[in-house]
Amino acid sequence: MKKIGIADTTFARYDMYESAVDELSRIGTGYEIERYTVPGIKDLAIASQKLIDSGCDIVMALGMPGPEPIDKQCADQASKALLYVELKKNTHIIEVFVHEDEVEEEKDLADLADKRAREHAENVYDLLFRPERLEEEAGRGEREGFPDVGPLR
Amino acid sequence: MKKIGIADTTFARYDMYESAVDELSRIGTGYEIERYTVPGIKDLAIASQKLIDSGCDIVMALGMPGPEPIDKQCADQASKALLYVELKKNTHIIEVFVHEDEVEEEKDLADLADKRAREHAENVYDLLFRPERLEEEAGRGEREGFPDVGPLR
Amino acid sequence: MKKIGIADTTFARYDMYESAVDELSRIGTGYEIERYTVPGIKDLAIASQKLIDSGCDIVMALGMPGPEPIDKQCADQASKALLYVELKKNTHIIEVFVHEDEVEEEKDLADLADKRAREHAENVYDLLFRPERLEEEAGRGEREGFPDVGPLR
Amino acid sequence: MKKIGIADTTFARYDMYESAVDELSRIGTGYEIERYTVPGIKDLAIASQKLIDSGCDIVMALGMPGPEPIDKQCADQASKALLYVELKKNTHIIEVFVHEDEVEEEKDLADLADKRAREHAENVYDLLFRPERLEEEAGRGEREGFPDVGPLR
Amino acid sequence: MKKIGIADTTFARYDMYESAVDELSRIGTGYEIERYTVPGIKDLAIASQKLIDSGCDIVMALGMPGPEPIDKQCADQASKALLYVELKKNTHIIEVFVHEDEVEEEKDLADLADKRAREHAENVYDLLFRPERLEEEAGRGEREGFPDVGPLR
């Protein structure tokens, strides 16, 4: 039995946790889930660290940075902190960030958040249980949340 | 009895410490407060570290970066240092920064600083005493200092 | 017998692993190869760390960041994390990144990725088995993937 | 008896060390001073580390970055390194940087450097000997080198 | 007998190693030199770390970043990694970077690289053998590779 940690925020405007959990349940079994909710994306790194300390074998960090330049700066800080925890704890943390300016219409943002959370949930499952699937897809232009662009040529 | 550390600066133009302490007293009890004042936002990280070394279970770091590009650079350095301390000490540090250019009129800046300090004080209380409240609000588009934007759709 | 680790991604649009392995086989022997495939460039650092923990004497980290500003930010985060692992583990990690906007025509991107992977494979071989070759080429304006620019004057 | 370390550079165009030492002597006693001069601002972090290793209770890092974009990048690197040493050694390092483009006329730059060094020297003294003075000034819009802007409203 | 490490790259377009070694031989004796050549500037940090592990008392890191924005980003990563090694190993690393866009004419670039390497070689010698010379020059507006700008006023 593996344990998957999921860190998320009250700042986000979509409940990506539900999408991730639902997708994981479609894919397979053999894991339990622990959740840790924090105010904003800058708090995701310590939440992830505490999830790993609590026994998680992998963590998903779910966040939705805003569209302003200062939001990009905050997202950069949050991402770097997640990378630091990942390397310090030697445990994969899959960052699932949806930037508000990735789509033009607000109505498309919820779809993007849902799809990205689901496709990264599959990555999490693959890393834990079937890494050979990732190797088969190496260099194939996969995209999470948007259609895959495919390999060159 | 928990201990909440509050680090603040002489550079800031509003006493957010008073707002945070007042709000905490409205919300509940069970904690004591320790303060550490430094010259500027770049000094908040070591102040937070010393507060944690002194027994604080969580820290609020209060700062007001200026509006110039160099101020944004300083704020970025300060934020990254706060994240580093947070992860090194495995203790939540809630960054409460108010940027001078977040509002157009100077008269709105004091209101923003007061509200943001109060709403983050509630986050601090929740993280310490009732984390289930954060989980209930996950993905609901909460904003500190400004009106919540709410969930998508 | 040395061990060369190769980390790559499903995000990339070209299988640079094949180019690197093919080139290494042309250059010489005395090594075995271990592969670790992850979803995106931000996952390359932990993949590299795990490859080194698994006994690799050097690692190639293969990635293809996208053309948008946010992609540059992600590449910066990924590069810094790779440097951190390299210094923590005291083991060379050769970053082989191909940015989608390095060439104007998409058809040139596959060629660039292939050539860069091959020329860095030679660097990896030199670092492992014949460092004196690098010293002979010091200051000579070598470029990986594009024609060498040569020394000044 | 406390020890104050002062790190400075040959790159700077004003001897801020003299200003800082003179101001400290006006404010009070109970300390000795150790100096460490390096070529440029990027060398200030290791100079500060060596000063702390040598017994300093606090360090002033004096530097004057140039006006070009690359100078801002260097200053950012230097500042982050100073923060890293500060947190690693758990010892305050007061960064005193004067950017050449903070004033329009070169003749105002020497005044700014002199004043900033003096006002930060007072911060250093306060942190060492009378931290309650900083707490009294919290949130009051203090500025080092320029006139204080004061609290909002 | 001291040991000076020199790390350089095959990417650079000028052999700054020769300039540095020649200048050191003009200035004085009492040291030996160890060289470590790597492909690019991002590899200079681990080369410097290995030189220090091999017994070097100080390191020169010689590099020539290109003129594009991505080159500036790489130089920033390389510089931060050099700072990290310097602080971790508590050993001076003198970064000698020449940016291709520092001069307008390519013919001036070789001169700049030669002069900068020589003037930093003197800094290295001073740090090792006569630090009092740096203190005498503090605040005097020294520049490496270009004419000194001198002190203000």
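Think of it as A, B, C, D and E in the order they're written, each chain with its own count starting at 1.
Everything below uses one rule, namely that a contact is a pair of C-beta atoms (placed from the backbone, for glycine too) under 8 Å apart; a residue touches a chain by one contact, two chains touch by 3 or more.
Just so you know, these numbers come straight off a predicted model, no measurement behind them.
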item: For chain B placed onto chain D, the superposition rotation in degrees, Cα atoms, nearest 5; value: 70
item: Chain centre separation (chain A, chain E; CA means) in Å; value: 41
item: Centre distance in Å when chain C and chain E are each reduced to the mean of their C-alpha atoms; value: 25
item: Multi-chain contact residues (two or more partners), chain C; value: 76, 80, 84
item: Circular arrangement of chains, read from chain A onward through chain B; value: A, B, D, E, C
item: Partner chain C, residues of chain A touching it in the complex; value: 72, 75-76, 79-80, 83-84, 86-87, 90-92, 94-95, 99, 120, 123, 127, 131, 134-135, 137-144, 149-153
item: Contacting residues of chain E [partner chain C, same complex]; value: 8-18, 35-39, 42-43, 45-46, 49-50, 53, 70, 73-74, 76-77, 80-81, 84-85, 88, 106-107, 109-110, 113
